[in-house]
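Scrolling down, you'll hit the structures one after another.
Across the two complexes that follow, subunit A remains constant while its partner is subunit B and subsequently subunit C.
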Partner chain A sequence: MTAVAAQRLIMAAVTLLGVAIIVFVLLRVVPGDPIAMMISPGATPADIAALRAHYGLDTSLPAQFFVWLKDILHGDFGTSISLHRNVLGIMAERLPATLELAFASLVFAALLGGAVAVFGTLVSDWTAAPLIDTVNGLFLAVPDFIWAFALVLLFGVFLPVLPLSGRIDPGLDERFVTPFYLLESLATLRFAAAADVLRHMVMPMLALGLPLASIITRVLKESLREAMVQDYVLLARLKGLSRLRLVLQEALRNAVAPTLALTGVQFTFLIGGTVIVERIFAYPGIGNMAVDAVINRDLPLIQGLTLVFGALFVVVNMIVDLLVVATNPRLRNG
Partner chain B sequence: MDDARGGWPMSEVAPHWISESLRACIRDPKVAAGGGFILFLLILALGAPDFAPKDPLEQDLILGVTPPPGFAGAEPGYLLGTDDLGRDVLSRLIWGSRVALTVAFVAATLAAALGATLGLLAGWYRGWVDATISRLVEIWMAFPPVLLSILLVAVVGPGVGSVIGAIAIIDWTRFCRVIRAETMGQAKTDYVTAARAIGFSPMRILVREILPNVMPVLIALISLEMGIAVIVEAILSFVGLSVSSDVPTWGGMIAQGRQILHQGWWVLAAPLVALFLTVLAFNLLGEGLRRSLDPVMRR
Partner chain C sequence: MSPPVLALSNLSAISDRDRAPILRNVSLEVARGETCGLVGESGAGKSTIAKAILGILPRTIRVTGGEVKFEGADLLKIEIGPLRRLIGECIALIPQDPMTALNPARRIEAQLTDGPRLWRGLDATAARALALRLLDEVHIRDPDRVLRSFPHELSGGMRQRVLIAAAFALEPRLIVADEPTTALDVTVQKQILRLIRNMQSAHGTSVVFVTHDLGVVAQICDHVTLLFAGRVIEAGSASRLLDRPAHPYTRALLEACPRYDRPDAGLRPIPESVIADLYAELGQSGATP
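Coming up: the complex of A and B.
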């Protein structure tokens, strides 16, 4: 197991290095000088040269790359060109918003997808049962982008009960010590604040979670269907267990492993989806900030954010791998 | 023995296989529904100047934000209402299908060509070729696709060409992973062993033996990718990075509709429904094709 983990760690490092190189090369061919944006009209060529040197843009490409890489390994991601602040500091402020949203979406998707799969298995002999698969098949085709705007129309126009943008009502005047608004307000028992944060989270969470829920439903329902005809389930049925207990106690335990692996992979896609969903709901996470960074040609910020997304991808994949090994006794000593 | 294919001359097998597949396709309800809608959209896009009731760019500020018929304040002749500049939403929707379908067809084909080529090579040669390509796929997948597409288009500059290029450069991995696995499976089959024994070159085996056998999967994937490409184009239009703003696009209409949400919801709803139906149609088509093109699944 340690050998597997070590190998995974090396591969993760290679992936992150690849991400770093690609972003770096890509950004160096950007037409348009980032320095040109920040100079005041009266700047002299000497001022421009000084700025260029300040941001390390006056040396050769490989030299710039290695300096950048060395700085990052020391925790220095540089200074944002558009926000004039330390990149690591801004990212640390914004990342928790994205993490809270992504995990809320994951929990929602797992609960909804799991519930529909179990319900579908329980009622599989009803005449209307195939309807579940048909509706789920329809949901499978709808991506987060379409869900987001469908929700905007539903809860913004026709049934205006949810806030359309932001993370918390600024009129609430809540103070937070950490950037984890939801966790902090829950931990300090400020339920009004928690409710407001949740209200802001509902629509982006649904947009991100609904596509994942339908995937979980499909895979879990298929695994459950296979598990329900196994001998141990038959034995439990002969013992007189109710259908609900058969599904929950016997079949679900064995059907969860394939769903877990797939959910992990899909969760990395969900994290990628936060970029556009946060944009649509003006949610102040790293996805929304990444779009702004690209539009503002803020090189240090784009580099930092892309690496953070890459790191999230790598970390989630590693956790999933370890979980799959941990839940499958046959792989444990592999 | 020139066109050896499981011992049968290609000329005797092929027409039968193709006609049977075609018949199975047309009979498949998913292909009929999905393909039918795409065909309808294609005709609409090609004949946009004839089908669109109005000029999609013609502004009429007196008729700004007119609702569709059936709502208070509707004007005759505007079936889906107008936007804040008084432009006919239906006409913009019809013209917008041109960009959507162009991006869908070209980007999906390019992504498939790139991904399938690399997938065939990785699955056939294995070893360091496979290791390199698989590592590349892994690195690619660590980028959020939307962020990478925005980044690429920002680097190259907005336009349909950039959008198409960005989608192909990002989504080749979808094809590569599947075709790689399929190729590995096909490489173990008897007909490939036979082709090897005869002394066919790897290139010939890949192109003339394996490629036709992974074609059903590839075609299904292309159809799904077209749906994805339509969405990516809409996302880039929404962010303001697709074509220039005087060309109507569904994503551009969505961005505009979002801004005037509370004055005229139909400006957002119309392109959203069009987008939904198109993605659904490409999905149905892909699923149906996969089922009906595969001789094993068909029986």
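Coming up: the complex of A and C.
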């Protein structure tokens, strides 16, 4: 078990190093010069050269990479070119907003997708049952940013019940010690604040969660269908268990593994989706920040953010692997 | 003589797809405490009968006539709710393949106590005590450990013992054993047969024993019904049918069995003329082809 864990950690490190190299090289190959974004129109070539040297951009590409890598290993992600602040500091401020949004979307998607899959299995012999698959197929085809616009029209314009942008109403004058607004307000029993944070979260959460929910429904419903015809389900049915118990107690635990594995992969896409969805709702997370960073050619910030996205990917997949083992007794003693 | 526990009368069924007959006027009775063998080749209709008794006929099979009476009540006419309870409490199945009949994700204790907890309202302690007693009764050593185990931690023979214990958990009046030894080693087969026999006589349970193995019939059945193409060919007490078969097909089938007492005789395939006669007979009897 420890050997497997060590192996996974090494693999994670290799993955992140790969991400670091690719991003670093790509950013320096594509057009766009951070210095050009910073200088004032009257700057002399000497000023530009001095600025270039100041940011270390005058050395060779491998030299720049190793300086950056060495600093990162010491916990220094550099200084943002556009915001003139420590990259790690800004990311630590913004990352919790994205984490709260992403995990809320995940929980929402798992609950909705799971419920629809179980319901679809329960009513699979109804004449109208194929309708569930048809509607789900429609949901499957609509990407997160289309949902975002549709939701803005629905709950922001026609039926203005939800706030359109931001993370919390600035008029509320709430003070937070941590950047985890939702968790903190819940933990300190400030329910008015928690409700406001949640209201701001609903639309981006729906936009990110609905596509994932339909994927979960699709995969889980198929696995449940396969599990329901197994001998052990038949035997349980003969004992007189209700159909709901057959699905939840007998089939679900055996059917959940493929869904878990797929949800892990899809969740990393969801985190990627925060970039555009946070932008649409002006939600102050790292996705939104990544767009600004790219527009400003803020190399240290883009690099830092990409590493964070990569690390999230690695962590999520590790959690998924652990969950798959936890739900399957045959793998537990391995 | 007490009324039979199970009585099928003139049960007929067809395939919904091509209207081909699956059962043709099948009648049979199982008395209290008796083991009735249901014997036939594949496709003879024995598992369709088992499914009809258990209320799990697939939608592709349609019953066109007849009754399946369990203790006087026609199982084909009872509402789904009461039927679930009746079968859950009074009729149990010993399945064919112990490797797939236990839920791989649940512990043996949970699977063994589902029925008693549901229908007898036993709490965890009482259900556990019952499970331990049942495992002891099917000669499982170390029942504590087995209760905590997952199915993959047990051998095939052990799993079949667990399934037999589960079948007897609610003291059912009728047990359907669907080729319960086919998937097992030959050495284990004998033990399992003896176990079913002992449990059956100790509990006074009636058993419908589905098999294609006449050797098994000789060991365990009091009564035999031989089926071919959905029709009862011959029925009677096991000893009579095996010693003095009346129908040519029964005779041919017995001849086709390998026997330890005449190892050099070889296997004799069933003569084609016998099969041809059977089909001719089916045609004459007016059954739809």
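Here, the second predicted complex is superposed on the first by the 307 of 334 C-alpha atoms of A that agree within 3 Å, B and C clash if a C-alpha of one lies under 4 Å from a C-alpha of the other, contacts with A are read in each partner's own complex, and residues count from 1 in each chain.
Simple rule for what comes next: a residue touches a chain if its C-beta (ideal position, glycine included) is under 8 Å from a C-beta of that chain, and two chains touch if they have at least 3 such contacts.
Worth saying up front: this structure is predicted, and the values here are computed from it rather than measured.
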>> Quick check on the subunit A-based superposition: subunit B and subunit C, clash or fit?
In response: fit
>> Looking at A:199, would you say it contacts subunit B, subunit C, both, or neither? Reply first, second, both or neither.
In response: neither
> Is A:253 contacted by the first partner subunit B, the second partner subunit C, both or neither?
Replying inline: second
> Which holds for A:232: it touches subunit B only (first), subunit C only (second), both, or neither?
Replying inline: second
> Is A:8 in contact with subunit B, with subunit C, with both, or with neither (first, second, both, neither)?
Replying inline: neither
> Among the partners subunit B and subunit C, which is in contact with a greater number of residues of subunit A?
Replying inline: B
>> With both complexes superposed on chain A, which partner does A:241 reach: first (subunit B), second (subunit C), both or neither?
In response: second
>> Applying the document's definition of touch, where does A:310 land relative to subunit B and subunit C: first, second, both, or neither?
In response: first
>> Quick check on the superposed pair: does A:52 touch subunit B, subunit C, both, or neither? Answer first, second, both or neither.
In response: neither
> With the two structures laid over each other on chain A, which partner does A:272 touch: subunit B (first), subunit C (second), both, or neither?
Replying inline: first
>> Between subunit B and subunit C, once the two complexes are placed on the common chain, what is the minimum CA to CA distance in Å?
In response: 18
>> After overlaying the two complexes on chain A, where does the subunit B footprint on subunit A coincide with the subunit C footprint?
In response: none
> What part of subunit A is in contact with subunit C in the complex they form?
Replying inline: 230-241, 249-250, 253-254, 327-330
> How about subunit B: which of its residues touch subunit A in the complex?
Replying inline: 135-136, 138-139, 141-147, 150-152, 154-155, 157, 227-228, 231, 234-235, 238-240, 254, 258, 261-262, 265, 268-269, 272, 275-276, 279-280, 283-284
> Hey, which residues of subunit C end up touching subunit A in the complex?
Replying inline: 54, 56, 84-85, 87-89, 91-93, 95, 97, 100-106, 111, 114-115, 118-119, 150, 152, 163, 166
> For the complex, which residues does subunit A have touching subunit B?
Replying inline: 11, 14-16, 18-19, 22-23, 26-27, 29-31, 138, 140-143, 145-146, 149-150, 152-153, 156-158, 164, 268, 271-276, 279-280, 287, 290-291, 294-295, 297, 302, 305-306, 309-310, 313-314
